[in-house]
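What follows is a pair of complexes built around subunit A, which joins subunit B in one and subunit C in the other.
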Partner chain A sequence: MTTLAPAPTAKPQKPWAATYKDRAKTAGIFVASMAISYAVVAATPLKGKLAYAAIFFASYIVIDFVINFVKAGRPAAVDAVFRAFVTMMVAVAITPIISILVTVWIRGHHGLHWTLFTKDMHSNAYTDAVPQGGLLHAIIGTFLLVLFAMIISVPIGILTAIYLTEIRGKFTRPISFLVQAMSGVPSIVAGLFIYAAILLPLTKKLNGFEGSLALAILMIPTVARTSEEVLKLIPSDLREAGVALGGTQWRSVAMVVVPAARSGLITAMILGVARVAGETAPLLLLTGGSGTKNFNMFNNSMGSLPSYIWQCFGAGTPESITRAWAGILVLLVIVVVLFTAARTLGNRKVGKKK
Partner chain B sequence: MTQTPAQIPAKREITTKPRFSDKVFRGVVTGGGLSSLVILGLILAFLLYNGYSILKQQGIQFLTSSNWQAVVADSGAVDIKNSHFGIAAMLIGTMIVAVIAVIVGVPISVGAAVYLTFYAPASIKKIMVTAIDLMAAFPSVLFGLWGFFVLESSGEYWAKLLNKYFSWVPFFKLPAPYVTRSPFIAGLVLAIMIIPIVTSVSREIFSQTPLDRIQAAYALGGTRFAMLRAVAFPYARSGIVGGVMLGLGRAMGETVAVYTVLNIVYQVNWQILLSAGGNVASMILLKFGEASPYEVKALMAAGLVLFVLTLIVNSIANLIVTRTGKSGR
Partner chain C sequence: MSIEPGSKSEDNQGDDMDTTAQTNSLAGIAASRAHAQPGTQALGVGLEARGVHAWFGEKHALSNVSLDFWPGTVTALIGPSGCGKSTFIRTLNRMHEFIPTAAMAGEVLLNGEDIYAPGVDVTKIRLKVGMVFQKPNPFPSMTIAENVLAGLKLAQLKVENKDDLLEDCLERAGLWSEVKDRLNTHGGALSGGQQQRLCIARALAVRPQVLLMDEPCSALDPGSTLRIEETISQLSSSVTIIIVTHNMQQAARVSDYTAFFLSEGGPGQMIEVGSTNEIFSRPKDKRTENYVTGRFG
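Entry: the complex of A and B
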C-alpha cells in the first residue's frame, strides 16, 4: 500500500502585511517619541498632560517622516505621516470614552450600597450621609417612564418601518425624510411640546405619563430607522413565497416578514430604550422629581434616575455629588447592558429561527 | 361503465384589487407611517400657538435684541408693555458653542473614520466601532457631569494657553481673568458628544467608496494616502459635509450638558474663553423653573425658533447624506 504524499501547498503570502522589521521600527519610533516628550517636559517649562501628548505626537510625526523620506522618498513619507495622524485621531476619539467610564467608576463606587435598591428618598435629603436613603423610587420611575414610552413608540416606529419597506406608497420618500428630521428634534423641544399640548390645556400638573410621551417622541425615530434597516435585510423571496401561497399582503407581513425579523425588531426596541433611558431635559419640565415611590403614571410627580442625578448635582455638597455619581453609575450600567443586549441580538443572522 | 363528468371548478377571478384585510392593513400602516408628519406638525402648531402672541408683539426684535425682561407689575399682573423678549444673545451663543464643537470634533471624527475604514485591523476595528457606538448611547447628563468635574480642569489650562499665545485672535481675548465654565469648554464637551454621529456617518460613506476605483489607484502605484486623496475623499466629501451638519444640529439642540458646563449669562459674548455664554436650549431650562405663564409663552417662542433651526440644519444634512448614498458618486 502506498500512501499519497500530501500535495505541496503554497504558503499564502501577504506582501502588504507588516514584517517584524516594520513592527520593530514602529515600536522604536514610539519609544523614541515617548523619550523625547519626557525629556522635553522635564527640561522646559512646558508642563501637563497636554504637553506630553503634543510633544509625543509632534516628535512621532517628525521621526516617522524623516525615516520614510530617507528610505523611500516623499510620497511614502507623506503616507506615513497621514497614517500616524489618523491613528492619533482615533486615539483622541477613544480617550474621552475611557476617561468617562473610569471617572464614573472611580467617583461612583463610593456611593454604592445595598439600600440603594431597597429604599427611596422620602425621609432623606440629598445632602444626608451617603448610606442613607436610596434610589428605588428613581429606578421604578425610570422603568415606568420607559415602559410607557415603549408602549407608545414601538408600534408607531415599527408601523413606520413597515410602511417604508413593505407598502412603499407615494409617501415613502417624504416619510423617510421626516423620520430622519424627527431624529434631530432637541429633547427640550419635545418637552416643551408636551408641556404646551398636554400639561397647559389639560392636566395642569406634572405627572409621569407626560414624560413618557416626550420620551416616545424621541424614541420613535430610533425605533423606526433601526427597524427599517432590519426589514430591508429580509430577503424578498420570503415575501414572494408568502404571496405565492395565496396569502394576502397582511398575512405575509404578519406571519412571515415580521417573525423573520423578530430579533432585529427587538434590537430596534432596545436601542430606542437606550436612547431615552438617560434623557433628562424633558423629564425636568414634565415629571418633576419626587423622592417617593410612585406607581401612578397619571398622578403626582414621578422620580427618575436622570432627575435624581440632576437634583443631587444641583444640591452641590460632597455627599450629594457622590450620590449623583452613584446614580450615574447605575444609569450607565443599565445603558451598557441594554446596548450589549442589542448588539448580541443584532449580530444574529436575520431570518434564522431561534 | 359510466364516467362521471369531471368536476370543473368555477372560474377564478384574477384581480389585483386588494382584499378587505389588505385595505385595513394598508390603512393602519399608512396611518402609523404618517405619524412622524403628524407629530412634527403638532410640535410646530402648538409651539406657534403658544408663542404667537410674543412673536407678534416683539416682531423681528425677538431674533435681533438681547433683552429678556419679564416685568411683573405691583398688582401681580404681567406688565406686557414693559416686558421685552429677545433671544439674539442666546442664538449667537448657540452658534458659537456648536461651531466650536464642529471645528474640534470633525477632524477627530473624520480622522477616526478614515482609520477605522482603511487602516484598522479587523479586531481593533470591531472594538473601536463598538466603543464609539456605545458613546452615542451615553446620556447627556453624564457628559455634562464629566465635563464639569473632569474636562473643566484641563480645559481651563488649555484656555489659558490659547489666551497666552493667541490673544491676537479676537475670539481668544480675555477682558476679565475668568476662564471657568466658558463657551470654549462647553464646545469641547459638545465636540465629544458629536464624535459618534459624525464618525458613524463618515464611516458609512467611506465604506461605500467603489472598490474598483480604490484598486485602480493602488494598481497605478499610489500609496494609501494617494488613494485616499484621489478616490476616497472626493467620493465622500459631500457625505461628510452632511454628517458634519447632522453633528451641528445635535450640538445646537443640546440642553443638559451645556447647562451643566456653561456659566449662562444673558449677554452677547464673542470671547469664547470668558466665563459667560449660553444657548437657547439651556436658557429655556434655566428660565423655565420660575417663569410666569406669560414668560413661558416667550420660552415657547424660543423653543419654536430652536425647533425650526435644528429642523432646517437636519433637513439639509439628510438631503446631502441621502443623495450621496444613492448616486454612487
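Entry: the complex of A and C
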C-alpha cells in the first residue's frame, strides 16, 4: 500500500503576467517618449498640446518597435506596434469624453444647489442669483417629453424590427433601407416636419406633445435597428421549436423570441432614449422653453433641460452661465441614471443562456 | 417502396437464427431487439409519404421518396451527410416551408389526409407531428415546468390538470426523477442530455401522434445517448417515432425499420427500406451494404 503524499500547498499564480522587467521597459519607453516630445517641441517650431501628443505617440511606437525588433524579431515587433497603436487610438477616443465630463463637473458643480430641484423659473429672470429659482420645470418637461416619445416610438420600433426579422415580407429590403436612411435625419428636420404637418395646420401653438412626436421620429430608427440586430441574434432553433410545437407565428414570436431577446430590446430602448434626451432643436421649435412647471403635454409651451441650458447660455451673465453648466451636469446624471437602471432591469437573470 | 407489414414476422424468424452467428454485428444488435407486432392496420392510418421531392431554391435536395410509417413503430433514417434525411423529415410536419427558399412536391398523408392540401391548418399538423431537434433548444426565458407546458400555451390548448401532464411528460421522457425538485428553475441550467430530454417532454406534452427526431443524440455524450434511447423504446408503444441518426449502432438498437438515403451527386434519394434486421444483415442494394458495413460514408 502506498499512501499519497499530501499535496503541496499551491498558490494561484499568473506566470504569463508581465514581469517587473517588462513593466520597467514599458515605463522606460514612456519616459523616453515624453522626453523626446518635450525636446522636439522646445527645439523646433512645432508648438502646442497636439504637437506634444503627436510626437509622443510617434516616438513611443518607434522605440517600442526598435526594442522588440532587436530582442525578439520582426513578428514580435509588429505585434508590439499594433498593440501600442490600438491602445493609443483608445486613448484618443476616450480623451474627449473624459475632458467633457471633467469640464462639466468643474464648471457645473458651483451651480448645484438644492433649489435646482424644488423651484422653477416662473418668478425669476435667468440672470438672478443661482439659489433663486431652479430647473424643476425643465426636469419635469424632459421627463414627460422623453416618456411620451418612448411610448410612441418603442412599440413602433420593436414591431418594425419584428417585421424585418420574423415576418420577412416583400418590403423587408426597402423598409430596412428606409430605417437606415431615417437614422441619419437631422433633428431639426424632424422638428420642421412636425411643425409643418401638425403645428401649422392643426394646433397652431406650441405644446409638449408635438415635441414628443419629433423626438419619436428620431427615436424610431435607433430602436428599430438595434432591436433588429438583437432579434437576429436569437438562434432560429428557438423559432423553429416554437412553431414545431403547434404555435402560430405570432404566439411563437411573442412567447419565445421576444422574451429571449428581452435584455437586448431594453438596451435598444435605452439607446433610443440616449439619442433624444439631449435633443434641443426640435424642442425649441415645437415646445418653446417655458420657465413654469407644466404637466399638460397638450397645452402651453413646456420647459426641457436642453432648452433651459440654451436659454441660460443665451442670457450671458455669470449667474446664468453657472445655471447652464449645472443644467448640463443634471442632464448628464439623469442619462447615466436611466442607463444604469435600464441595464440592471435588462440583465436581471432569466436563466442561464447558452 | 412501402413496407409490407405482413412480411415482418418472417424476417424476424429468419434473423433469430442468424443471431447466434453474429451477436456482435449490427445485425445481431438489430435482431436482438424485440420488434413491434407486425401491422394489421388498414391503409390510411399513420404517416405516409408519397413521391416527396424537396428543393432549396434551384437545388433539388430530395427526389421521389415514398415511405410509410406504421403506428407504434420506430423508423431510423440513415445515410451520409447531405443526403436529404433531415430535409425529408422536415417535410413530414411542414417545417420544411420554414426556410424561405424551400419548395416541395408530392403528398404526405397523415391518417389518410394530405397535410399539404389547401386549407389545412399547419399548426394542427405540427401538433400531431411533433419534433425534437439536433441541438437541445429549451426556451431560455422559461422554467423547466414552463418549458414542458410551453406547447399548450403556444397552441392555446386547455388541459384539466397541468401538474399531472407535467409529471407524465417528464416521466415518459425519463427526466422526472432528476428534475422534480427544481421544476421552477430555468431549463438552461440542465446538462445537455437533460435539456434534450426536456425537449422530448415538451414535444410530448401536446400529445403528438408522430415524433420526428433529427439526430437527437449527436450533441450528447454516450450516457445521455443511452438514456434517450431508453426513452425512445418506452415511447414507441404510444407514439410513432422517426429518427434521423448518423450512429448505426443506434439505428440498430432503437428502430424497427431502417431506410437508407444517399445522394450521388444529384438530389438525395431513398435507396432501400426494410426491417432493421434486413438492412443490417442482408441489404438488397450494394450501396446500402457498403454504407452499413462501413466501407463507405
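Keep this in mind: the second predicted complex is superposed on the first by the 257 of 354 C-alpha atoms of A that agree within 3 Å, B and C clash if a C-alpha of one lies under 4 Å from a C-alpha of the other, contacts with A are read in each partner's own complex, and residues count from 1 in each chain.
Going forward, contacts are C-beta pairs under 8 Å (C-beta built on N, C-alpha and C of every residue); 3 or more make two chains touch, one makes a residue touch a chain.
The structure displayed is predicted, hence computed values, not measured ones.
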Query raised in the report: Which partner does A:67 reach: the first (subunit B), the second (subunit C), both, or neither?
Result: neither
Requested in this report: Check whether A:248 is in contact with subunit B, with subunit C, with both or with neither, and answer first, second, both or neither.
Outcome: both
Report task. Name the contact category of A:315: first (subunit B only), second (subunit C only), both, or neither. Result -> neither
Report task. Applying the touch criterion given at the start, work out whether A:130 contacts subunit B, subunit C, both or neither, answering first, second, both or neither. Result -> neither
Report task. Give one of first, second, both or neither to describe whether A:274 is in contact with subunit B, with subunit C, with both, or with none. Result -> first
Query raised in the report: Touching A:58 in the superposition: subunit B (first), subunit C (second), both, neither?
Result: neither
Report task. Count the residues of subunit A touched by subunit B and by subunit C, then name the partner with the higher count. Result -> B
Report summary line: Residues on subunit A touched by both subunit B and subunit C 248, 251
Report summary line: As the complex stands, subunit A meets subunit B at residues 48-50, 75-76, 78-79, 82-83, 85-90, 92-94, 96-97, 99-100, 103-104, 107, 155-156, 158-160, 162-164, 166-167, 169, 171, 174-175, 177-190, 192-193, 195-197, 200, 217, 220-221, 224, 248-251, 253, 271, 274-275, 277-281, 284-285, 306, 309-310, 313, 324-325, 328, 331-332, 335-336, 338-339, 343
**Report entry** Interface residues, subunit C side, partner subunit A - complex
**Finding:** 93, 95, 98, 100, 123-124, 126-127, 130-131, 133, 135, 137, 139-143, 150-151, 153-156, 185-189, 199, 202-203, 206
**Report entry** Sites on subunit B touched by subunit A in the complex
**Finding:** 18-19, 21-22, 24-26, 28-37, 39-40, 42-43, 46-47, 49-50, 107-112, 114-116, 119-120, 128, 130-135, 137-143, 145-146, 149-150, 154, 157-158, 161, 192, 195, 199, 223-226, 228, 246, 249-250, 252-256, 260, 281, 284-285, 288, 296, 299-300, 303, 306-307, 310-311, 313-315, 317-319, 322
Query - Residue numbers on subunit A that touch subunit C, as the complex places them - result: 168, 235, 237-248, 251-252, 255-256, 259-260, 262, 350-354
